[in-house]
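Each in C-alpha cells, the structures are laid out below.
You will see two complexes here that share chain A, one where it goes with chain B and one where it goes with chain C.
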Partner chain A sequence: MMTIRNTLGAVMALVGLSCFPVADGYAMIDGHTGAGTTPVFNLTAKQGRVATGDGNSLIFWGFADDDGQDSSQSLKGQVQYPGPTLIVTEGATVTVNLANTLPEPVSLVFPGLDVLTSVVPVFRNGMKGRLSSIVPEAAPSGKQTYTFTATRPGTFYYQSGSNQAVQIRMGLFGAIIVRPKVQTAKTYTNVFPNHQTTDKTFTKFAYNEAGVPDQVTPPGGTAISNIGASTGYDREFLYLMSEMDPDFQVWMELGRNTAKSPASFGDWIDPVIKRDFTQWKANYWFANGRNAPDDMGGAFDKNLPNQPYNCLPLMHPGEMILTRFVNMGRDLHPLHTHGNHQRIVAEDGLIASSAANPLDQSLTTITGADLSTEEFTLTMAPGNSFDSLFTWTGKGLGWDAYGHKPGDPPAPYEYLADHVGGPASSIIAPGPQDTLTSKYANGQFQPPLPDGTPAPAQAVPTVFSADPLTLTFDQWFSGSPYLGSTEPLPPSNVSLNYGGSSYYFMWHSHAEREITNNDVFPGGMLTMMGIVPASIALPAE
Partner chain B sequence: MKIGQSGTRVLVFLAVFVASSLAGQASAATYNLRADTTTATLPDGTAVTVWGFADDTTAGAGNGVVSVPGPQLTVADGTLTINLRNNLKVPISLLIPGLPVVPNANPAALAGTRGATANYDNIAPAVPIPQNPNFPPSNPGTISSYATKQRVRSFTTEVQPGSSASYSFGAVRPGTFLYESGTQPAVQIPMGLYGALVVTGTTGQAYPPTANNPNTTFDRDQVVLFSEILAKYDYSAGRFVTMNEDVIKAVGAQTWTAAVPSFSTLDYKPLYYLINGKSYPDTIAATPISAAPNAPTVPGIYAPPGKKLLLRLLNAGQETRAPAIQGSYLDNVDPALAKAHAIYPQIIAEDARLYPYAKQEFAPILPAGKAMDALVDLTAAVSPGYYALYDRRLGVTNAGVYPGGMMTFLASWDPTVRDCSPFKGDLNGDGTINVFDVIMALKLVLANGYDARADITAGGSGLLTAGLPCGKGTVTIADALLILQKAVGLNPY
Partner chain C sequence: MKIDVKAIPLALALGLMACVVPALAFVQYGSGTMDTRNHNGATDGFIKMPDGRDVYTFGFTNISGLIHYNNLSTAVRSGRAKNHAEFPAPTLDFKEGHNEYLSLSTLGMAMRPDLFDPHTIHFHGYPNATPVFDGEPMASISVNQGADFTYFYRLNDPGTYIYHCHREAPEHMEMGMLGNLVVRPLQDDNRVGLVCADGRAAAGAGSYAGFAYNDGDCSTGYDKDILIQFADIDPAFHDADSFAQKLPFADFVARYSVLNGRGYPDTVDTAPITNNASAFSGLLGNYDAQRIHALMTINRPGGERVLIIRLSNLSIQNFATIEIPGLPVQVIGKDAKFLRRPNGKDLRYYTSSVLIGPGESAELRIDTTGVAAGTYYLYSRNLDELHADQMDRSGAMTEIRIN
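Presenting the complex of A and B:
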C-alpha cells in the first residue's frame, strides 16, 4: 500500500574517490531523496487545499517540490501538506532554495541542523522591534537560499520562521531525515530469547553505531545482546503530527481582510460564531497530513492531490520497525502504540546515550550508557522529534497466536513457550475441551461438531463461527483469531486486512479527542499498524 | 531569624568535625516582600492592573518597586526568611515549591482548627444542603449542613490584608525555584503573585557536578520566566476583558478576611504572553529582561561567544510552554575552515534537581510550575549571533499580533568590543533608519569621523559578520550604502 522507491545513492562510499552506491536500499518513507554530497532542493511556498477525513475541504499553506519527488508518482510543483520530506545522507551539504508565492514573507528554520547561511532575524525597514522573520526570509514573489550541513544522522524538520502564529497553524513545515553514511550489517545474538529465531541481522540503522559491540558483558555476568544500544531496523515509517482549527482555516480563506499582509492572527474575532484567536482549539488532527481513515489509504492517491503521504505501518513478526515522530502542531500529541512498548532511542536528532558529548554522534566507540526508554504513550512535545523502535512476536500471549496443530513447526520468530507442542513449550496438546465453553485447556476455542460432540483436537486452527447477525466485524478483522488464518466473514463485510490474515493494532493519539474528525469518531490521528504473517510478502525495503 | 541563627549554629557545629568537606558558607538570607497593586503596560499600550511583589529594604518600609514577576530573590544556600507584608484587599500567602518550610516558624500552621485559622472560607450556600447520610454529622442527632463546613482556600498560612507575616524555608539548596502565592492560586497566580528564586552555590556553578552530569558551570546565568495575562472576549462590548479587570471588580473596595469572593477563572485564555513580565518587543528593549548586574546593554539576553550561558527556565503560567532556542554558530574565523554548529540547549536539571545525565533538546517541554536549567554552550563559537528564543506553542503574539509575546533573542556578541546589534544604522536615534541617517553617515565618511552606530560592514572579505553589522572600527562609504539599503527596505542586515 505504501509507495516504494529506490534510494540508490543515499549511501555513499566512505573513501570518497567516487560516489557510487555501496548498498541498495528502499524507503517506506515517501519523500525526496537528495543524492550525493551536495543535494539541492527547490521548494515553493503556496496555498492549497486539504481534504479532511469527513469530506471537509480547508485551505492550507504548504511547500511544493519544484523538482518532483523520487517517486513513480511525482508531485512536481504541487503544494502538499505537510511539505516534502527531505531525505539526505550524513555529511551532505544541503541547499534549500525557497521561492514564495504567498502574500507575506516566508522563511525556513532548521532546528538542530548546522546552518551555514546566516541565521539573523529580519527587521522591516529598520523599525526597531518590527520583526518580520527570525531567519532570512523570502519576500512575497521573492527567493531565499539556505544551506546546512547534515552533520549528524537523525530525524529533523523545517518550519517557517515568519508570522509563526499564523504560518505554523497553516502548515508551513515538513520533515528532514538524515541517514548515517556508514551502514555496516551487524548481527545481534539472542535478541529474542526462546523464540524460533533468536538473532537479528540489521543492514539499516537510524544512527551511527559502527563501533558499538553487538554484545556487552555486565559486571560479573555473562555476555548479553547489546540490542538496547542499537538503532538497527528492518522498516521505517514517518509520523508527522499536526492539527487545525477549522474555524480558523475558514476565516483565513473567507473571513479575513486578504489585503492585509502579513495575515494577523489577532484579527480572528468572529462575532457570529463567537470564536476568537484566544479560543483557537484544534478539531482536525493529522498524521502525515491526513486524517483517519484517509491516512490508511495509498500514498499519492489522486483523490488527495495535496496530501501525498499515508501512514500505515506494516511489519512481519520479529521485524524491528523504526518510527520517526515529528510534532509540527502546537499541542502535545501523546502517540500510543498498541501491541507492545516502543523504545525511544533518540530525541531531537540525538541518540539517547550518556555520551560525554552528545553532539558527537559518530559513536565509533562506546561513548556512554544506553539511555533509551520504553514507553507505550510518547510525550510528544510541539517542535520535537523522536525516533522509536518497535517489534512484536506475540510473546507471552499464553496461547499459540498462529493456531498451530500439535506437530506443526513453529513460525519464524514465534515465542516457543506459546507454541503448541513445541520443544520448549509448556503448552502441549490443546488438552480436553470444555463442553460448555468449547474451549480447550490451552485456551484455544473450537465449536462442537453439529451433533454436539467435541470436535477432535487435531481440527485446530479453528473455524470462527460467531453469529454474524449479532456481532459486527471491523474492516481489519481476518475472520480468525489466529495470525495467518483467514476465515469466512459475513457476506456484506468489506475487509481491508492485508493478505486477509493479518493482525492489526491501532496506533493513535492517546488524547482521545484527537481521534475524531470535527468531533466525530473515528478519525484524526488514528492509524492501524499491521502484523503481516511471514508467509505473505511485504514490499521489500 | 531565630531559625536562621539556629541553622547556622548547626552548621558551625558540623564544621568542627567536617570542616574540610564543606564547600560553601551557609547563610541566612532575609527578604522583605510586599504584595501590592501596580500597573503593567504591554507593548500595544494596554495597561493591566496586576498584583505583584516589591522588595522593601526593611519590613513594611514600602520603598520597593512592585513588579510582575516579583523581584528575583538570590540567596546562597542556607536558610531563607521572607517577611511578607500584604497591602492587597484579600488574604495571600507564600510558598516555594521544592523548599521545605521550617516547622513552627510560620505564624499558624495549616493544621489548625477549622474556622479558627483564616485558611478556610466560611462561605456557605444560602440554602442548607442535607448531609449525605453515609457520612454522619460530627454531632450526632443534629442535621448538619454546609453551614458548618468550610472550604480550604490556602496551601499555607495566610497573611491578612494590612498585616505582615514571616515565612522561613530551611535546607535551601542550589537551584532554580518559583515562589508564588498559595492562596486561591487559580486567581492569585495569574494576577501576578509569583517570582523567581535563585539559590546560588559555588560561584559560576549551577549545581555540584556529578560524574555523569559534569557540565554545571556557567559564565552567565539568566532567569527566563514564562507567564500569561488571561482574558476573554466580551462580544457585547466588542473588546477583550482581562481576568485582572474582572478580579479587581469582584474584590471591589472591601477588605476580605474570613471569606474571599469566589471567582470563576474558567473562560479566560492567554491574551498576552510574558517572559520575565514583558512581551516582545519589550524583551529586546534597551533595558532588557536581564536581571544580572553589570550586564552590557544588548537587545535581548546577553550570551557572548566563547562563553556558557545558563538559562533558568520557569513557567508561572497556566499552560505548557516549549521554549525553542534556534540558530547556528561558526567555530572558526576562517570561512574556509569554519563549521556550523546548531545550538542545542543542554537541559541539566529539572525542579532544582540535577539530572543523572543531561539531555539536549531544541524545544524542551516546560509545563506549568516547572523549573528547568538549560545550558547554552557557546564556548566553541567565534561568530556573533542573534538567536531566537521563543515559545514553540506559538505564544508569540500580543493580543494576537505577531511578532510579540514569549520571544526574545540571545545577543551573542560583546558590545564592549564591537556592537553587532541589528538595529545599528539609526544615527539620529529616532527609532527608524531613513534617508537622514544615510546623510549623517555620508557626512561621517567625508569628515573621516566615527560613530559606532554607522560602523556596519566588516571590511575585508565579507560585507557583514555572520549576517550582523558588527563593523570594523571605521566608517566607510560601504557602511553608508548598507544604511541606504536598509532605509529603502532592502534589509541587508
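Presenting the complex of A and C:
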C-alpha cells in the first residue's frame, strides 16, 4: 500500500527535483568550512520544528550557526536538524562558542577528538545535586566555549553532554569532518583492469596516503592495484542517521511539567499514554535530518527551513564516491547500498589500517586503509561513524549497459569485454520475437521498427513496452535498460531522473520498517543514489 | 498500490482477466551449457508457526517445473501455483560463470483479489547491478498482476546472497517474499592445480564437497553447507494485510522469530510443514508451504568434517546475535566477500557469536575435528527471539548434530 504524502512542502520538493537542480547539495557535503588553523564556530542551541515526510510537524532542539554556512542560501542563526556540519583541516585548533536559549543546561562533547577544554562534570544544587552535564555547560541564557585539536583526519560528530537521554533524542548533534592536511594528486594504475580507462588520479582523500604504494602483491600471488588501500575520492556525501519517537517529541512540547524544572527535566513519564523511556520506539527515521522523500529534494529548501541538508548522491561511472556515515540515533541501522558493495575504509574516524599504531599518521600514510572490507549492508551502531568508498562501472553484466550499437566507441569507464562486440557483450539473448505481439520469448518487449521489421537485436531489448497492464514504471526510471538512454514513460509518470537517462540505486535502511514515516511507505531512511552518464555534467565539487 | 476495483473500466478489467498471450515457442534462454533458468511465481499462501498458529503470507513458489515458457496463462491453468507461496521462497542455487535467466510471473492473490500490487525479484548484493534487473521498483519496473518478466544475471562473484521482492518492501518482505540465494565458486568444478593447505585431497575421494570462495588453498572448503535465513513475523501485521486493514509498521512487534521460516523445534524437522490453507477458503487446498528445514548434521564416520553455515537476515526490524556454543566458529566471509582481501590481508576470525543485521550475510566455517560427538545448538542470543509468541523454548534456534 502506497500513500503519497500530501503536504505542499513535499510536492514542492519533488517538483523541484524534476527540474535541473541547483548546485547546492547535489554533489557535495553542505556545511561550514572553518578556515585556517584556528577556526571559530559560533553555535546557539535553540528549539525548532521538523517537518516529517508524512506532513507531521514535531519540535526538536538543535544548533543554529550564528555566522551562516558555506552556502549562500544558508541563514544565519537558523536552528537546524541536524546541527551545522563543521568542516576543518587536520591540525587545526578549533573553538566552538556555544550559546544556550533552551530552558535547561546544554554542553558539547566531541567523541574521538582531542578536546582541550577541561572535562569536568557539573552537578547542580538546583537539581538536588544531580549530574547536570558531563562537561562544562552553558546554562539557560548562558554561554560556554570549547576547544579541540583536529589531530587526525576523519568523520566525527559533536553532541550534547547534558541530559543526553533527552537532549540527543531531541536533536542536539551534528557532524564534524576533518580533512587531511596533504591533498597532493596521486595516480593509481590499473584500478579498473580491462576497462576503457584503467587508472584513477585523485586530488582528494579522506585520509593521508602519500606513501601508499601503487601496487600490492599478496603472498604467492601477482601484483594488483593497491586501490583497496586508498581513500581517494572524486565526490563526497554525508549520511547522518537519526530517528524520533513522535510521542516523545509531543510530550516534550506539551506534556512536560516545566514547573518542576529543572530537577525533573527529561523524566519522561507520560500518565496519559503510559509511556516512558523504556518504551521509546522510533517511528520516524531521518537521513541528514529529513525523511524520504524530502531527503531527496534540494538543499536549503525554503519549505523545510529547519532541515537544510538533503541526501541525494550523484556520480559518473568510474568515479569513486566517499560516503561519511554518522549514526546519531539510539538504534542500530543496517544501510544497504543497491548497485554495488561499498568499501569501508574507516570506523569512528580511525582508518582501517594494519599499522602498528593506527593513531600514528606517519605509519598510516604508508599502509593506507589496507584492512578495508567490502559490504553490501553496513551496520551502524549508535554513535558509530564510517567512511566508505563506492564505485560502479557495470563490469561483468554480460551485456553492454551503455546501450552501444556496433561501431560506437566504449564509454569512458566501460568494461571492454561487455562493450558491444566484446567477448562477453551479448551473452544475454532476447530470443525469438513474436511478430504479432512484439514480445520476445523471454517475456520482454521490443516494438518492431516503423516498417514492420523486427528491431535490430541488442543484448537487452531497447524498449520496454510502457504497457501499464504489464509493468509498472516508477519515477526514478529512465524507461530504458541502458545508461544514457531515455524511453517513453507512461503519460502520468513525473520523472525524477537526472537528465532523464541516469541509473538510480536505492540506498536505504534494510530494517525495512525504517523506510516508512509513522506507518506511511515510502519514507524514512531511504535515498536514491544516481549514476549519471558521463555525457551529462554534474556540479563541480 | 491498491486499485479500487470498482473504478476499473470494464474493458480494462476484461483485458486483465483474459491475459491472452499467444503461446510462444519454447524459450530460447540461450542454449549454451552455461545458461540456467528458474521461474518463480509470486502469490499468497499460509504458513504454520510452532505454536500452531496459521499465518497468511505473500511469497514465491517455484514454477520452473510447471511451465516451460514464459506464459502466465499456463501457470494459472496449472492450478498448482496460485496460492502456493512458500516461506522462505525457493532457494536460488547458482554457479559462478553461469548466465541465469530468472523469470517472475505474478499469479494473483487468492485471499486478496483486490490487491493489484506488482511484485519484483531483488537479487540483493549483486555487484555492479543495473536498475532494470535490480528489482527495486522506484528506479525501474515492477511486474503487474498477470504479467511476466525475466531477470538476467551473469554470475561473476561467488558468495552468500539473499533475494526478496522489493515492491513496497516493508510490506512485501514482512509478508514473506524472501529467500536464500547462493553463488557457488568455479573452484567447486575446476580443481586442476588446486593444492589444499590442510593436506586434504583437492579432488576425488576424501576431498571437500565444495568451497565458499575461490580460495586457492581449500581454506573455505566444506563437506556440508547449509543456508540459514533469519526472519521474523508479526501476526497482527499479517492479519491486517489479510483483511485489507491499515498496516501497523509503527506498532510492529515480532512475535515469531524463524530460521528458514520455522521456529524451534520445527527447524530440526526435516519434513515439509503442511499448512492449513483449506480452513480459510473452500477454494484452497493444504500444501507444503515450509519446505526448508535448518537441521545440520555432520557424519564423521562417513568422512564429513567441515560444515559451512551461510547465514543471512531478512527481518524488517531486528538484529540477531547468533551464538553457537561449544564449536569453533570461524567467520570466513561477509556480504559475499571472502575475508581474505585481494591484497592478501587475512581478516577471518574465530568467534562464538555473530551479529547479523537485516540485509547482511556471513559464512561461518566449523571444523569439527576433535570436537566431542553430540548435539550443539545455534540460536539467537537476543532473548526476545527465542519464543514463538506465548510458547517458550522456541524461536530462532536449531541444532547441529555431530556423530
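Operating definition for what follows: the second predicted complex is superposed on the first by the 434 of 541 C-alpha atoms of A that agree within 3 Å, B and C clash if a C-alpha of one lies under 4 Å from a C-alpha of the other, contacts with A are read in each partner's own complex, and residues count from 1 in each chain.
Just so it is clear, contacts are C-beta pairs under 8 Å (C-beta built on N, C-alpha and C of every residue); 3 or more make two chains touch, one makes a residue touch a chain.
In this text the structure is predicted, and so the values were computed from the model without any measurement.
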* Asked: Between chain B (first) and chain C (second), which does A:Ile224 come into contact with in this model arrangement: first, second, both, or neither?
  -> second
* In the overlay, answer first, second, both or neither for which of chain B and chain C A:Gln164 touches. => first
* Asked: Can A:Asp474 be said to touch chain B (first), chain C (second), both, or neither?
  -> second
* To do: Please tell me which partner, chain B or chain C, touches more residues of chain A.
  => C
* **First, second, both or neither for A:Ile515, with chain B first and chain C second** => second
* Scan A:Val109 for contacts with chain B and chain C and give back first, second, both or neither. => first
* Partner chain(s) touched by A:Trp392 [first = chain B, second = chain C, both, neither] -> second
* Asked: Same chain A residues contacting chain B and chain C, which ones?
  -> 332, 354, 371, 379
* **Partner chain B, residues of chain A touching it in the complex** => 109-116, 118-129, 131-132, 134-136, 148-149, 151, 161, 163-166, 168-169, 262, 264-269, 271, 274, 276-279, 330-332, 347-348, 350, 354, 356, 358-359, 368-369, 371, 379, 381-384
* Structure fact -> The answer for chain B against chain A in the complex is residues 43, 212, 214, 231-233, 235, 238, 240, 269-271, 280-281, 284-285, 320, 322, 324, 326-328, 339-342, 344, 346, 357-365, 385-388, 390, 392-394, 396-403, 407, 409, 422-423, 425-426, 431-434, 437, 464, 466-468, 486-487, 489, 491, 493
* In the complex of these two chains, what residues of chain A are touching chain C? -> 1-2, 216-219, 221, 224, 226, 228-229, 281, 283, 332, 334, 336, 338-341, 354, 370-377, 379, 392-399, 401, 424, 427-429, 431-432, 434, 436-437, 439, 441-444, 460, 464, 468-477, 481, 483, 503-506, 510-516, 518-519, 521-522, 528
* Partner chain A, residues of chain C touching it in the complex -> 1-2, 12, 15-16, 21-22, 24-30, 69-70, 99, 101, 103, 118, 122, 124-125, 127-134, 136-144, 146-150, 152, 154, 156-157, 168-171, 173-174, 246-250, 252, 315-319, 334-337, 339, 341-345, 347, 355, 357-360
